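My questions will all concern the structure given below.
When the chains are written out, they are named A, B and C in that same order, and each has its own residue count from 1.
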Amino acid sequence: MKEFAPLLHGYWYLLRGAGMTLLMAGAAILPATACGILLAMAQVFGNRFARSAVVGYLFIVRGIPLLVLLTFTYYLLPLTGIDLPPFWGVVLVMALYYAAFMSEVFRAGILSLPQGQWDAARSLGMTRRLMLQIVIFPQALRLASPPFVSLCANLVKATSLVSIVGLWELTMASREIVERTLAPFQIFLGAAAIYFCICYTLALYGRYLESRVLHGH
Amino acid sequence: MPFDLHFIARLIPALIEGAEVTVELAILTFAICLVWGLIVALANSTRGPLSWFAGAYVQIVRNTPLLIQMYIVYFGFSMAGFGLSGFASGLLALCIQNGGYVAEIYRGGLQAVSTRQYEAGRALGMRRWTLYTVVIIPQVVARIVPPMTNQAISITKDTSQVAAIAVMDMMKVAQVWVESSANTYDVFLGVAIIYLVLTSVASVAGKLFERRLAFAQ
Amino acid sequence: MLEVADVSKRFGTLEVLRGVSLSVAPGEVVVVIGPSGSGKTTLLRCINLLEDYERGTVTVDGDPIGYRLDRRAGQRVRMSEREIAAARENVGMVFQSFNLFPHMNALQNVMAAPVRVKGIPRARAEARARELLTMVGLSDKVAEYPVRLSGGQQQRVAIARALAMDPKIMLFDEVTSALDPELVGEVLAAMQQLARAGMTMVVVTHEMSFARDIADRIVFMDDGLVVEQGKPDQLLFSPATDRVRAFLKRYNDRYRI
């Protein structure tokens, strides 16, 4: 047990880091979800121009590592003259990045509804807007919720990358303690345990949602 | 000055040198994970403690950040007396994490083949070996190719994180060049384009493989 | 009441409807029969504009649905989405696969469109929905979600849902084809009741004896055309064309015990 003494000294600092991680993830998830839904709608219902714009966006985001985008935002922001605090800079980049993956999830949810649902809604005289609002979205969001939750867990893990560009959160906090205590194994394991608690909780919640989707109401 | 041709002429060979490390890491990781993930998935499908360990492994590695896993391997192991090089640590961490994802892909593929297929094979009098090689495995392979392609793309992007443990991959090369020059735009564009090419190659290879399978069936 | 005039529809190079015309009088029950692939289902879907079609027009009580004729240009013009949605309120449709909204219970399924499309006050819409569900024999299932209902019950909810919009005409698209044999009867009974109450109906079905019972007129379609139509007994027992004779012989051979 003596080997884990450094962890006992640093745990409060680590938990504060975890708080920052959650704050960052939460701040990114909201706009990512909103943009994801918009992108999905543009891809499913948009005209040719909108569709190809979305496809291009997805191609670029899916093909470039998040770390590259974060690093260069960090270097480029000061050059562009936009006065954005680094925290909001990385939140913006993470939101735009994850919006692409969220849009795939929502699009799959919309497209996996059987044709009969559209037919029934149209035959009842619903306009497109009403149809989306009361028939399509409630079901599509429900179908999309399990993969959405696991994407959120992914996003929480991905926040660790911002430590590389110098922002302070759980991973950065653990590196600072390691520099003081020279006990990397224990401290990083402790940080991993905290990440695990957050992400595994989300994973369990996602599994619960999935069982609800599979078995109906 | 963006688009400085003299600068670009020096930049490109350096980036390509880094890209070689990136590609090497990605291919090694993917190859090792194909085997390691299968072992984990098979262990997971047994009954008893082995399956419990495999399941726990998958959950733990999937719910903690790759970066933390790299730190544990790179800093933790060296503290414990058996230090690994940055490249080896990065490769090990990439395999540990992605092995968990690949195992889940195998598991999904195995589950997707319905028990009726096994019954049908047995009803035709097939021996175990014939049943698996003729009936089951071809169907599993057809199902796992698309998610495996996605995983290969994701591995390629993940390799960028080894830059955090001083491996001279493309990401690290880019960081060095950005810090030693003012041509952030050029470096960013170069890195982004090369990553896009690499991930596109993986994506196209997956599609071709998929198409060949479709013809074979 | 319903006028289908010279409707033609193709899927790619395949001509599914080749100039179909059909008129249905108020209160009339028309049953459409024919081999699979003859275009019966497509015809129903075109009436409601669930499918676009290349030529022809459909009117309900003189009001166009889908395309209106522009007299000056002598051309068909597609109505706006809003106009089409409004026109569809007059046409109720019941589908082979029920297509209930799985996230709403039976009552909500029936109430949703009257409240949200027609703007009927909730209390009145609910009273009417309960009345309709009682009519189809489901007064004890109002709070159940579709997954908890049998196919026959789901289909009866679907009938009530379509009726809740007070349509002028009801379209039934092979509504018993997806049902287990023992559940067919309850759905047919609900339709029979509706026919007796004077609803105008167009019914696509494979149930010949039901067709004979319920129909005022039977229309036989083959290869995208209306081949023959007439009173049930006349068409089923002394058809005028060889194609109908051949179809009925195949049908009888298959179902003779």
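In this text, a contact is a pair of C-beta atoms (placed from the backbone, for glycine too) under 8 Å apart; a residue touches a chain by one contact, two chains touch by 3 or more.
Note that the structure is predicted; figures quoted are calculated from it, not measured.
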| item | value |
| --- | --- |
| Chain nearest the overall C-alpha centroid of the shown protein atoms | A |
| A-B or A-C - the one linked by more C-beta pairs in contact | A-B |
| Whole-Å gap separating subunit B and subunit C, where each centre is the average of the chain's CA atoms | 53 |
| Subunit A and subunit C: spacing of chain centres that average the CA atoms, whole Å | 46 |
| Between subunit A and subunit B, centroid-to-centroid distance (C-alpha), Å | 20 |
| Two or more partner chains touched - positions in subunit C | none |
| Contact footprint of subunit A on subunit C as seen in their complex | 45, 48, 50, 81-82, 85-89, 91-93, 95, 97-103, 112-113, 116-118, 145, 147-148, 158, 161-162, 165 |
| Residues of subunit A defined as touching subunit B within the complex | 59-60, 62-68, 71-72, 75-76, 79, 153, 157-158, 160-161, 163-164, 171, 174-175, 178, 182-185, 188-189, 191-192, 195-196, 199-200, 203 |
| Touch list for subunit A against partner subunit C, complex | 114, 116-117, 119-128, 130, 134-135, 138-139, 142, 216-217 |
| Subunit B - residues contacting subunit A, complex | 59-60, 62-69, 71-72, 75-77, 79-80, 153, 157-158, 160-161, 163-164, 171, 174-175, 178, 184-185, 188, 191-192, 195-196, 199-200 |
